[in-house]
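There are structures below to look over.
Next, two complexes with chain A in common: one pairs it with chain B, the other with chain C.
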Partner chain A sequence: MENLGVVLAILGAAFAALLSGIGSAKGVGLVGNAAAGVVTEDPSLFGKVLILEILPGTQGLYGFLAAFLIMNNIQPGMPVSQGLGLLAASVPIAVAGLVSALHQGKVAAAGCGLVAKRPDQNGRAIIFSAMVETYAVLALLITILLIGRAV
Partner chain B sequence: MSRKMKDTDYAYAVARVRAKELTLLTEADVEQLVEADSYEAAMQKLSESGWGDLDGVTDYAQYLEAHFGESWEFLSEILDDVHVLDLLLVQNDMQNLKAALKSLITGEEDDSLYSDSTVYDTESIRNAVRSKTFGELPEFMQDAAQEAYEVLTTTANGQLSDTIIDKATLTHILELGKESKSPVLKKIAERKVATANIKTALRCASTKKSADFVERSLAPCSSLSVKDLKEASQEGPEAVLAALENTPYEKGAEEFRTSTSAFEKWCDDLLMDCVQEARYTPFSVDPIIAYYIARDAEVKTARIILSAKKNNLSQDAIRERVRTLYV
Partner chain C sequence: MAILNMKRIEVLGLQKDRKNIIEYVQRQGNVQLDEMQYDGDHFGHLQTASQISRLEKYDSTVESALSVLTKYAPAKGGLLDSFAPRPEMAVTEYLEKAKDADETLGICQKINSLYKKIQDDRVEITRAETAIDQVRPWENLDIPSSFRGTQDTKVFIGSIAEPLDREGILQKIVTADPAAVGDAEVVSSDNNQTCLVAICHKDNAKTFEQALRTAGFVPVTDTTKHPPKARIERLEKTIEDYNAEIAEAEAAITAYGEKREDIEFLKDYLKLRSDKYDVLDKVSVDDSVFVLSGYVPEPAAEGLKQRLESKFDVAISLADTDPDDESVPVAVATNGMGKTMENITNMYAVPTHKDVDPNFLMTIFYYGLFGLMLGDAGYGLIMTLLCLFVKFKYKLEPGKRSTVNYGLFCGLGTTFWGAMQNSWFGDLPKWIANGLKSNDPTDFISANHLYWFDPLQNTSRFLLLCFFIGILHLFFANCINLYKMIRNKMAFEGIMEVVPILFILIGVIPVINTYIGGTALAENPATKPIDDLIKSAEPVLYPILIAGAVLVVIGPAFVAIKQKKSIGKILGSVGGGLYGLYNAASGYLGDILSYARLLALGLCTGVIASVINQLAATPGNPILFWFIFLVGHVINLGINLIGAYVHTNRLQYVEFFGKFYEGGGSTFRPLDVNSQSFVFKEEN
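This part shows the complex of A and B:
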């Protein structure tokens, strides 16, 4: 059990990357479906719907970044309290990343419908979707601050 | 039946429908059609709106049918499971059944009587009827087909035969509505059956049909008492209209008193009213249903305008008949 701290920290890193990655994959997949529908009818809208498709992918990147930071702070033989702290630090981006990516995917897919009917309104569709991003950014920020506190 | 679809599974189809909605006729387009100088000018306007080339077109009915057929092909292409639209199309299948039974009795085949926008393969229905193997028909058709065939062969009463099939259609529509997860489809099913019952009761009242015949024609639904309609039909059309008071269909009576065309418009608009909210629904099957209803209303409107132009009806008379549009 002398490596329990390390195991907990590794679990935290995996947790951050996994859950936010799942959220992003599902979110991007949903928008990809809607975007493909729009482009089938009007290929000229590819650029506009591509931006919407990318948006729910950011949570996966935040999770990756958090996992990387946690891994950088893993020391052989680190105490259990530190490992637990790093595991706890991963929770905000893991959970908020998962949930926000799923919801951002829905907003962005709905935005594809808006772009299909009113291509000039793509800026607004992006804004609606970006509002959801706020909570993923806040969660990442807290995760980074908690990693700093844990070590 | 395939796996159960989640609302988000329709993301691709809804996105394509949203893009296609741009090609639906707008109120401004309809006004231009109404104001067209002639039938030819109205046809030209439709052609310019993307309804297809006019080369070789001799009959507007075929032209409109082809346009609607294209929409149906589009829906078949975007949906993984077209059975979600069964409720809207099953009437066409039953129409094909009627046509097949008639051709069996008369021995004359007329392809123009058959619709292509159907749930089941038309040729299979024709073959089953031709060989009198009614058990090969879809389950909900079997009893009605058998009974209608017996009526036709024993009494040659085409009206009764049609009535039997119509009631089976309405009953099946209600069942499909109950099975559907979509609140829009449930509402459409109920309204379709209720308005069909009202029309039947009014027709029976005008032609003084027996209570037994009326009962065989009406399909029980939850928003309208079939018993009241049956009793009222024995007293006359005005009693049927009075029976609609204090029901959700009260306005229909008012419209019928204005004119039958106003009543027909009210019936169609009632369906359009069910799908208006789908304009703001990002996922689910509802926007796809709405698109189908919108195309149907658009084609009906075009048919009314073209027919009116051919018969030199005034612009005001045409405007009275124009259906409410989706966009």
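This part shows the complex of A and C:
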């Protein structure tokens, strides 16, 4: 049991990458479906919808980043309290990443519809989608600050 | 650099000059045509629908011919060649070339019909191949499959749906009816069927056929007059012929490759004409004269008037427009740095005549914010060098020049902030200093500490920096708002509304320093003076914060007093002020926090870049290192470029524009030349 701290911290890192990765995968998948539909109608819109498709992917990156930062802070034989702290620190980006990526995906998929009808409006479609991401950014920030406090 | 005044222009000309005048105006490209404001029924309009639909048909012919050409004779040119300037063409040359339009259109139709022939032939080939597949099992049959027997014998040709040999077939026939006497020969056999020829004496035919059928025999349906092999040969010959035809057609299309320039010219020519026809129905005409009316930007108006008058017999009137009329289109003249922001601004909204032109003002923060978010000097250098290369290799046209300049400034911002964060392709210098073995900070850059903060080591300090940048950005936006309100003759309201916010933004600095930063600034000797400065200014800053808050509450009351409202309304506006304070506090808190994305995105690039280096170093092989390095960093740069672009724009649109920019004007869309393959030489 002397390694419980390490195990908890690893669990935290896994959580961060896993949940936000799931969210991003679903979000990107959702937009991909809509984007493919748009491209069948007008292949020249590929570049515009591709940007929209990538947008919900950032949560996965944030989770990856958080997992990496947690991994950097794992020391052999670290106390349980520190391990638990790192696990708790992973929760904001894990959960907010999961949920915000899903919703960002929905907004971006709707944005694909907007771009299909009015290609000149893709800037606004991007901004709508970027609004959702704010909360993933804030969650990542708190995760990073908490990792600093936990060790 | 400003939002241009618009003039209304009306040109009265003779019908015989109509085409030339309108085309001249189109080449000048600075009049947005609309319908003449005129009450009466003297003038009519031109009918253009049939012309437009004819042009559309031509255009689709040209478009499909071009895509066929691209398939068979692709245009040569590298990735960056799209930056090369278009060749110049004089108007006389253009008119000369335009005479060949019909001929070129004919070539396009030929290309399309050749392509159609290729496709039809392909269908025929597939059909022949299917037919061959059907006859293939009968290839070894040396009699026609329609052969039914001789004088004394009866022959049955067909298949049984199971794998069998001669013995097996005879066995099945005998089992079906012992009285059936005859012979059989296997032509071919596979897992699904056995093709066979069975023969019997004529007298015995009925019994034998019955037995055969009971055994599962199915006669061949698509019979041949000659031995099946002859049919296969014939079909193969057909395929060969079709292939030859396809090759011929392909060669013919490839030969048309040299006409690509002409076809591209035709496409532009048609585009010019259809653009013209699209607005032509706005021109008022009667039997002998026509009136063309529209908007022209003031700086171009006089010149255009003089040139038109010197070239044609026309009467021209110029009139001022009403600045409050929202239907007047808005043209913005920017140059230099501001030009690079035009696209970004227009993506949000086109300014109105009441707005301050935001383009140049945006650049002051834009590239810094972008650089902070991308935050890697290596990536910044790549962007900078690439843009510089394009800039000096090609003589860029204005539109492309501003795109390249945008990339260049973004690259410079990224290089600066990347260097400040000590991120050069992540931690590449550290790996190189250790011979790709480890990332101990033994390299020159780390040893010399050219930077004063590292986002990973000093998260809180970096975060504080982001918030301070945010406060500056918001402060600046409010200053622009104040200027705008003073300019629009709302100085008192502007001061009452904006100055309190400015006070709050200044006063909130020590609050953030103490409650979010904690000791982050005081810890580091490089940033301690900043902390000392803020601490020593606290006795001034806190009163400013309070004064700001009080002013937010009572400001609306002063405005109400100035507007000589009743006592009740004045008291009510104090209540409104309290709500305003809540709004300002929550709104600006959210705005400032929003700048945390500068840290998050910057950190993201740097850390992932370092992880890529780590991964690349794991196999311990230099070649593999550089391979993984290259692939990984290309992906990381791509993803983070999009991230930085999107979030910089978000900060501009929501936090910055939200404070002063209204937008919503209608874009100035002059009738102009939208050619892709050439530009007109300047004419006098």
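Observations on the model:
Just so it is clear, the second predicted complex is superposed on the first by the 151 of 151 C-alpha atoms of A that agree within 3 Å, B and C clash if a C-alpha of one lies under 4 Å from a C-alpha of the other, contacts with A are read in each partner's own complex, and residues count from 1 in each chain.
Methods note: contacts are C-beta pairs under 8 Å (C-beta built on N, C-alpha and C of every residue); 3 or more make two chains touch, one makes a residue touch a chain.
Keep in mind the model is a prediction, meaning the values are calculated, not measured.
Bringing the complexes onto one copy of chain A puts chain B beside chain C with no clash.
Look at A:34: by the touch rule set out above, it reaches chain B but stays clear of chain C.
When both complexes are overlaid on chain A, the residue A:117 reaches chain B alone and has no touch with chain C.
In the overlay built on the shared chain, the residue A:57 is in contact with chain C alone; chain B does not reach it. Rounded in steps of 10, the angle chain B-chain A-chain C defined by Cα centres in the superposition reads 60°. When the two complexes are overlaid, the chain among chain B and chain C that reaches more residues of chain A is C.
Touch criterion not met for A:4: it reaches neither chain B nor chain C.
In the superposed model, A:130 makes contact with chain C only, not with chain B.
Touch criterion met: A:144 reaches chain C, while chain B stays clear of it.
Between chain B and chain C in the chain A overlay, the least Cα distance found is 5 Å.
In the superposition on chain A, no chain A position is in contact with chain B in one complex as well as with chain C in the other. Residues of chain B touching chain A in their complex: 8, 11-16, 18-22, 78, 282-283. In the complex of the two chains, the chain A residues touching chain B come out as 30-31, 33-38, 40-42, 106, 109-110, 112-114, 116-117. Per the touch definition, chain C reaches chain A in the complex via residues 344, 347-348, 456, 459-460, 463, 593-594, 596-597, 599-601, 603-604, 607-608, 611, 639, 642-643, 646-647, 649-650, 653-654.
For chain A in complex with chain C, the touching residues are 51, 54-55, 57-58, 61-62, 64-65, 68-69, 122-124, 126-127, 130-131, 133-134, 137-138, 140-141, 144-145, 148.
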